[in-house]
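By written order: A, B, C and D. Residues from 1 in each chain.
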Amino acid sequence: MGEQSPVLEMTGIRKVFPGVVALDGVDFRMFPGEVHALMGENGAGKSTLIKTLTGVYEIDGGEITLGGKPVRISGPLQAQQAGISTVYQEVNLCTNLSIAENIFIGREPRRFGKIQWGRMRRRAAELLARLDLDLDVSAPLSTYSLAIQQMVAIARAIDVDARVLILDEPTSSLDTAEVEQLFRVMRRLKESGVAILFVSHFLDQIYEISDRLTILRNGQLISEHRVEELSQVQLVEKMIGKELAALEDVEDKAQSNRERAAGAKPLLEAEGLGRTGAIAPYNLTIHEGEVVGLAGLLGSGRTELARLLFGADKADQGEVRVDGKKVSLRDPQAAMKHRIAFSSENRRTEGIIGDLSVRENIILALQASRGWARPIPRKKQDEIVDKYIKALQIRPADPERPVRNLSGGNQQKVLLARWLITEPRLLIIDEPTRGIDVGAKAEIQKLVAELSTGGMAVLFVSAELEEVLRLSHKIAVLRDRRLVEELENSADVDADRIMQTIASGASS
Amino acid sequence: GSSDDSAKGGDGGSGDKIVLGFSQVGAESGWRTANTESIKASADAAGITLKFANANGKQEQQIADIRSFITQGVDVIAFSPVVTSGWDAVLKEAKDADIPVVLTDRAVDSQDTSLYKSFIGSDFKLEGKKAGEWLLKQYEGKNEPVNIVELQGTTGSAPALDRQSGFQEAIKANPNLKIVKSQTGDFKRADGKTVMEAFLQSEKDIDVLYAHNDDMGLGAIEAIKAAGKKPGTDIKIITVDAVKDGMTALAAGEINFIVECSPLLGDQLMQTVKKVKAGESVEQRIVTEETTFTQEQAKEALPTRKY
Amino acid sequence: MSIVKKRLFWPSLILVVMLGINVFTSNQFLTIQDGHLFGTLIDILRGSAPLVLVSVGMTLVIATGGIDLSVGAVMAISGAVACLLIQDLGNQNSVASVLLIIGIAIAVALVLGLWNGTLVAVVGIQPIIATLILMVAGRGLAQLVTDGQIINVQSGPYSTLASGFFLSLPVAFLIAVAAVVLTILLTRRTALGLLLESVGGSPTASRLAGISARRITVMVYVVAGGFAGLAGLIYSADIKSADSISAGNLIELDAILAVVIGGTALIGGRFSIIGTVLGAVIIQTLRITVVALDIPDKANLLFKAVVVVALCLSQSPEFRAKVFGRFKRRPAVEKVAA
Amino acid sequence: MTTMQTSPVVKGDGPQLNKRHRSFRPNTKHVPILATLGLLVAMYVSGLANYPRFDNPMVVVNLFRDNAVLLVVAVGMTFVILTGGIDLSVGAVISLTTVLTATLLKADWPPLVVLPAVLVLGALIGAGQGAVIHYFKVEPFIATLAGLFLARGLALFINEDSIPIRNDMWRELSDFRIPLADGVSTKPIAIVALLTLLIAAVVLAWTRFGRNVYAIGGNADSALLMGLPVGRTKIAVYTLSGFCAALGGVLFSINSTSGWAGQGNGIELDAIAACVIGGVLLTGGSGFVWGTLLGVLVTGLIRTLINFQGDLNVAWSQIIVGVLLFSFIVMQRLVTRKAR
């Protein structure tokens, strides 16, 4: 590969947003037939680099050459025409259109200018089959979960005959199986000479698939390496710019946590709770100070289960008891009265309010529960917000910046902060570590462990089994939108055991 | 609102009663409402079944309404056209369906006058002229310049255009009479007031106000009072219409002269409709009987004023 | 906030220019007469009161991502109700009765707002069509109330609402100021503003954050209805009569225009009450300026078009960047580099 | 953890799973249209029951003819709304078109020059608005409101008065009858309107441009990132709307053989209402021109019903329009909600 010339070369890229230098003279290159990982903490500038490459942002300085020729890419359309195919970090599809259309829009098969719908649907189904998905391709995308949407975005990108394929955190909401599927496709593309730019905060995945990596920190280029040259620890240290200390002790904390929760009172009991078409009736008891993890495959109904407990969707059967008393969780407000909090997996449409500032986004839920007439005094707001900006390392640490302008990972932290400040008794977090960097992920896990020690119950949904295993006292396994088993998390429970349960669909 | 029960059920064309389809311009002013009421009352009195439609100032709707009358097979169609041009096609359709048409209040410019039987209504130009002539007489023989401000009706509407041109023609005779400001008040009281306020601020000397209808004049009176002047004395006011409110102000000396433009043409219309239906010949142009009012005449007429 | 301020610079400039024109054309821009202020400026302030009221209500509705087309009809109804009741008073100059009647009229307007809000938030009809229903039917209702006629009233206390003076300032202006101040206090001193913006920014996310989007939406329409009702009273007090046909005719367009000029986006979210007030005053000033400049009737609209085009282009950062960008580009880069 | 429940559950035959759910989905987007159609038919039947002459086929035929202009304009508006925009200038473009047509024909320009000229002008006005909206990020509402003032201002400036058209071609087009059955005939303008509708339906459903319109309405940012020509499509959509408005103006000048600056006043609201009644979402990305057609027919039929009733005074007829609109919308809402 050494003697090959790079297919893409970016030199001295500079991008300035009002108040932030997002990229400061970054060099970046990619060779044909390699998977190149772009690494960095949340807000390091990865997505920005990608967006300057595809012309979403105009660069303030620097040069881009593609196949040896200098290019000026003025927008995503031009980027596509130049052979760059991209999956952006947040799913950027049109949820009002069908899956088939989302895959093919802009390059539909046509005859005499007329779109061939039948052919389009067939091809879409084939394409998804390659990713091991069997979906109704003519159904609107909005009816599918975020993970499916992510897969559709990937399907769209890999179908193009591209020289350069960019995947910005494609795996953040995917399960192991899907990730494997994706990697298979990536390897095949790689063999055919495509250069793949891959962003992920999962180090294992990086080490599994990439050949080379480039590290950014604070908008600056740190270094470029072949993957073999660098150990995980070294990589993380280069990313965060300091010695790695406290990442490992999360595990122990959670372990020690387990015993203590045992004598706790039941906080919330769901009995026969269900919603037709979404999730079969289930029983679930969550105790004070207990971390309950939900495991299952894509679309197994984890999100649906969680939403019922928050009243985000209305249950049409069964009942819920809080502290032994029957309650009605008909809407989020009702749930919040019982101090239940819920952070949605879909941060862009169900989480952040892009126009509002970081501060406003953080205090929103607390304010809502106090009612409009009792505003939180500005001083108190600033105090709380500052505290959580520090605690969760939200960057840039500017509370008045519109949250829309934050990097994906930092937006996620803002959402977490929103719910933490309400001091809930039960915190339901759906994919809370989606797109969060290693350091912050460890912080968040630590936080969850600490909070549960302090008596808070947590319902934890994550596509990352390891994470679920590490944090939970109890794991509920779902399959086909049905809670099939509850496992006490003990030494003999591991990923394999859970996968087995999922596969067999029966209890042991 | 009065809705007469006799017309219920759409007995279009059946029975002995004449069915008249009437399409009104809209309901843009009190004058128009009085006009509508007059037609309804007269139809009732004359034993004519009235199909009433309101075009809301839209020509396309009025054409549709007339077509609907044709479909319903009414005996006679009458309408106050929204604009002067553009009726040939639909009038031809009516003619083909053997339904005679009578125009009220506003004219059409069809070259083929056989398309309608008669036009009953005021002569807006004449109204403007009457207003101008009265003013001429007021300043006869005097030599000082007279500053006139004009509150026009809705821009582009037939009464606004005609009342303006008629007035201008009349006052040409005396070069001292000069229109210094002219703006639209949209036939509305509130706009008449706002525009008059602005006139008062930007013109030092206003001697005469000519308003295309009473309502604008009444609004302007409020503005004049607020500016500390006396309407009718410091500023002479001429308006058109002679609605009751206007007449009251005239009698009270706040308006100096009103040219009548009567909305009460229901009886004339019904007579014509009956004649037309009976196949008798009618005059192509029936001008409504209208007069003018000075302050004294207003005091006399006021008690018997219907609207 | 600074973005809003920046956006308001050009509209303010246009307002100042227009006022400047009026200083020249007017023979009394601002004087004292009969112990109170008088002149073109006062006319503008007084005349813009109804539009300011309606626009402020509209701003709140728009902030939640809605729109209210029925404001004009509500104005007509409230004016009609008030005049009808006052007409029947034994003593039209009784302050207490007039106040009571004003209260009744505003209550009617609030109920109409409640109707709109319910259709939008509870039944789930698109705002434009939900309020279109009242826009069409409401004017009919107003005409029923007045029987299609203009109802005249001769009530001193009532006309004070529009043409009276208090502390040498017009009462109508003071009412508008009070409403604006109250709204600003309510939205910025409480959490209402935040919740509104949040609902407008993303209803789904707001619901999941525990905000009762529904209640807030209903409330906003109620407030808009109330303000429109008040505006209708001022309008009718101004001409001492209820003109159910032309009261508030097309005012919804002017109000929306004022809101947009003021920097509030129609898709909802961030809103600026002050911006809206500025917009409303600009529109009123424009009306007066047309007369002051003696622009012929047939060119009125063209003139208005030119001003609106200038306004909307000046509001656009992209336009400024493209037109003035030549000079500005360099310093901008240097500034951040520093 | 002592409570180790073996988990649950399943009452009866459990929830509907993916497969069953799926077979429902393609239909849901058609539900509003079907509901609207059903209600429309119900309304027509109630007309038949109440008014003796309502069975005249001309009632239906005239519905298309009387609303031809509205239909054409609403079709253009549908494209704009589908992208999440709005076009307030259509009525003004109609007035400008009719005035210009009448003026030019009066000045003896050949009709075959006038016709394309005014259509192009309408398209240009639309394109200009689209460009302002796209390049300068001005809100569609305000940009097209400025367009409204400009176009109607120009129309008034050219001539405040109404101008008759005496050109032979226009007259013939106006008088030309297309017999459909015995005693039932329609006019070219209705045919033109229906053709416009058909073309629009085809474009929206079968062409890349059409699909881009939906994508942009669904999420313009995403559409941009997906590499769709967002700017071009937006401008095209406003151009189309301007063109449709101009075409509507031409149709009107044929229908009435005249030009007038007051023409088409307020038609923008009717067009928007028609779209919305037909199930087009104002936020964009959802709806069909067929829905728009139904919306136009609903408003037209309401007017026809009132006209047949014929004894309502102005106030009552406004109230009845409101009430009918209200019941229609609420019923539509209930039906679609149930079906979901």
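In the analysis below, a residue touches a chain if its C-beta (ideal position, glycine included) is under 8 Å from a C-beta of that chain, and two chains touch if they have at least 3 such contacts.
The model shown is predicted, which means the values in this text are computed figures rather than measured ones.
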{"item": "More contacts between chains, A-D or A-C", "value": "A-D"}
{"item": "Chain of greatest Cα-centre distance to subunit A", "value": "B"}
{"item": "Chain centre separation (subunit A, subunit C; CA means) in Å", "value": "44"}
{"item": "For subunit A paired with subunit D, centre-to-centre distance based on mean C-alpha positions, whole Å", "value": "42"}
{"item": "Centre distance in Å when subunit B and subunit C are each reduced to the mean of their C-alpha atoms", "value": "33"}
{"item": "Geometric centre distance via CA averages, subunit B-subunit A, whole Å", "value": "71"}
{"item": "For subunit D, residues that touch 2 or more chains besides their own", "value": "156, 160, 313-317"}
{"item": "Subunit A residues counted as touching two or more neighbouring chains", "value": "none"}
{"item": "Subunit C residues counted as touching two or more neighbouring chains", "value": "143-144, 148, 297-298, 300"}
{"item": "Chains grouped in pairs wherever the two touch, ordered by label", "value": "A-C, A-D, B-C, B-D, C-D"}
{"item": "Touching residues (chain side subunit B, partner subunit C) in the complex", "value": "1, 27-30, 33, 36-37, 152, 155-156, 181-184, 186-191, 193-195, 197-199, 201-204, 215, 218-219, 222, 226-228, 245"}
{"item": "Subunit C-touching residues of subunit D, taken from the complex the two chains share", "value": "132, 135-139, 141-143, 145-146, 149-150, 152-154, 156-157, 160, 269, 272-273, 276-277, 281-282, 313-323, 325-326, 329-330, 333, 337"}
{"item": "Subunit D contact footprint on subunit A (complex, rising order)", "value": "54, 56, 75-77, 79-80, 86, 88, 92-97, 101, 105-106, 108, 110, 113-115, 136, 138-140, 143, 156, 261-262, 266, 272, 274-285, 287, 290, 299, 317, 473-474, 476, 480-486, 488, 507"}
{"item": "Residues of subunit B that touch subunit D when the two form their complex", "value": "1-5, 7-14, 21, 24, 26-27, 33, 36, 40, 50-54, 56-61, 63-65, 67-69, 71-73, 82-90, 92, 109, 111, 155-157, 161"}
{"item": "Residues of subunit C defined as touching subunit D within the complex", "value": "69, 123-126, 128-130, 132-134, 136-144, 148, 253, 256-257, 260-261, 265-266, 297-305, 308-309, 312-313, 315-319, 322"}
